[in-house]
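Have a look at this one.
Here the chain labels run A, B and C in written order, and each chain numbers its own residues starting at 1.
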């Protein structure tokens, strides 16, 4: 398959290997054979227009689409048949596009909600270093935070758990440039600490500042892979893909 | 909520083949008896399926099959709702060709069914329904009121209690036709015997919590708390009364309508000493005991209540009247029932008066102490026997239009 | 003597207390309903039948096995909780993706079936459950006799309600429950076994109903109808309090018990209706209920 050839050749097994992934919502067939890899320690983005299947790909990895087929191997284990709680327990954490902050929980409860799934999670003190705003608002209801603070909370809470692969769905959407920069710095810090990140982005300028590689999606498939160093050379192509 | 539950018990199928002279006047060749009562609610134990058993026993004892009469029994659940009851009655009379409806607890329902029966010219034999209006202003040529009524209960229990010093009363009354009638009739008896009524409270029917009403009764300082209700309402009131120390505080309950099954449910510990009036008890004599044994074998070992006995006796007398009048025309059969003297193993000899009131002797019972009871269902001792002529309201006082 | 609207204040105080006692049952039952509705999105019409079965369990334990009240308080809720788990696993769990109506129909049908089975087996008059010896007698409060058992009911129910409230609103476990009520997908994607939590929550709700049933057994006749009579009122309580609100269910339960108690003094004929009148008024003014959130 042509798509499969795009997946990076690697001597060591990738942390996450997605092969022939298909997904459906009811009658609508969203993913049509998605193939890609993420290596340990990498920051990889999924780029593409609205409706290309980026979010569905994350949700499929997380095990929360109604129906999926194909293969998703995480750290050598096939997860395609697992329920989402077992996938989470195996070390993947998800930060949903709509952030998933709980209105009936205060900030502290939101932050402490995700159970610890492994060693190596960030201590709460370090999360507060990354996002000082959270410390000040610990006892406000989760949804009383500003959009940026909610996004920090949504990312912060999954850093505690010891998950090794973070799936971030459009963390910069609708946020002020200062906040976007802060999130960019955070991603860079997380990468330094050894987190592996799969990022869905519409904003490829932001993606370019944080990612190692970019996969481009269209109509439920991966149609291209661009290493970050080649991004400048591929601008024309990318404008075509994304229609910007 | 329960959908109309109907079970059809077909009897004497073989006999139907032998078409005798007796059924010449019987419409469609079958006498259909509809047992209409509360099959699943608060009155299901004191009447309910047991009434169907009693009706079936009456058909057997009448030897309908041997006499070449084909008799069928239907049953229906009126859920204690007048509209449901009158709809079933109409359906039975118009579509299912039912000739007679029997039992019918819940006064509001029986008054509605009584009216339907009168319009259709069929027959109604009331056993469990209590309101004395059935032989009073609501009386008609289609109905017989067999077992007891509110006047009889009031007279039996009310006068006995007033005469033994219980002369100030507080009524706990179920807020519908039956409760109102019972309260009215008892109040009249209390006043006539020189007592007074210090208060009353009307509770919704059915209720499960009586504590608030009991507290009001307690505060009234009345010597007697008259329970003008029935079934589960009476049971709960007495049970919760024990909890609030009503009897310990020197007040006394008068269960104006208490059935054997209610005492069974309360247990002798709680019910002991209660005075009540009934026209039948299974342990009165050899005949009632024999009936009770047969009944128990067919009805999970439970003993018959006076409601069941009334269904049995009224159906038996009805069939005799059909046989004698050679018709199943409701008004004609009821007229024949009034003409023939009654005689059955449960109530003995008696008559059906012109106003439809069946009269027989009634008993004032006292509930035994646990130490006095020899075993299951041994609950009553007879305190007094009231002769038939005194037990029921004089015909002249009822205001029945049939009485000239 | 001082009077309010012709009722002596002392009598009124007694009636308020009685109302509080009835409110205790409303609160415990509506609490279970609210917890179940919150997480399962199912209106558990079987709740009344489960309450009735709790009372029957106590009666059966005592009359068949000689096991007394205190053990029944433990055994009946656990046994019925297990029964609830079975129902959730085999039936309810198939309905979550469908409309509310299916859950309502299933639980309503189940209630009728269970009630019918008990009616068939034990009749309608009910079975007497002897008051435990420890509770014989009453406290003389001056303005009323307060039966010891009723006092215990209020205290026990308050403890149960407040504990439940505390667990749900103030603990880690409770934060999972609240979060899953809002967004089960995200909570499960954090690694929480949400389906199992739902099952256990249903079991817990049923256990609460059974506990209320055991506590009701010595007061009311243990009869197949006891749940059906109560559950409609309890639904009104839940609607007034606001669907899914835990604190709302508790406060409304006690509050409406008191209001109903007062109605029994001033206009007893309306005491069965007053809660529904309040329900209509509340729904007109605040469709989400007094403590509910607009969704």
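Everything that follows uses one rule, which is that a residue touches a chain if its C-beta (ideal position, glycine included) is under 8 Å from a C-beta of that chain, and two chains touch if they have at least 3 such contacts.
Bear in mind the structure is a predicted one, so any value in this text is a computation, not a measurement.
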- Are the chains arranged, by touching, as a line, ring, star, complete graph, or other? line
- Task: Mind having a look at which chain is the central one, using mean CA positions?
- Result: C
- Message: Once every inter-chain C-beta contact is counted, which two chains account for the most?
- Response: B-C
- Message: Distance between chain B and chain C based on Cα centroids, please, to the nearest Å.
- Response: 36
- Item | chain A and chain B, separation of their C-alpha mean positions in angstrom | 76
- For chain A and chain C, let me know how many angstrom lie between their CA-based centres, rounded off. 44
- Query: Touching chain C in the complex: which residues of chain A?
  - Reply: 62-64, 83-89, 93-94, 96, 100, 102-105, 109, 112-115, 117, 158, 161
- Task: Please name which positions on chain C make contact with chain A in the complex.
- Result: 172, 175-176, 178-179, 181-183, 185-195
- Touch list for chain B against partner chain C, complex: 1-2, 40-46, 48, 175, 201-204, 206-209, 211-213, 215-216, 218-219, 231-232, 235-236, 239-240, 243-245, 249, 261-262, 264-267, 269-270, 302
- Query: Which chain C residues qualify as touching chain B in the complex?
  - Reply: 8, 11, 14-15, 18-19, 21-22, 112, 116, 119, 123-128, 130-131, 137-138, 144-145, 147, 149-150, 219-221, 223, 225-226, 228-230, 261, 264-265, 268-269, 271-273
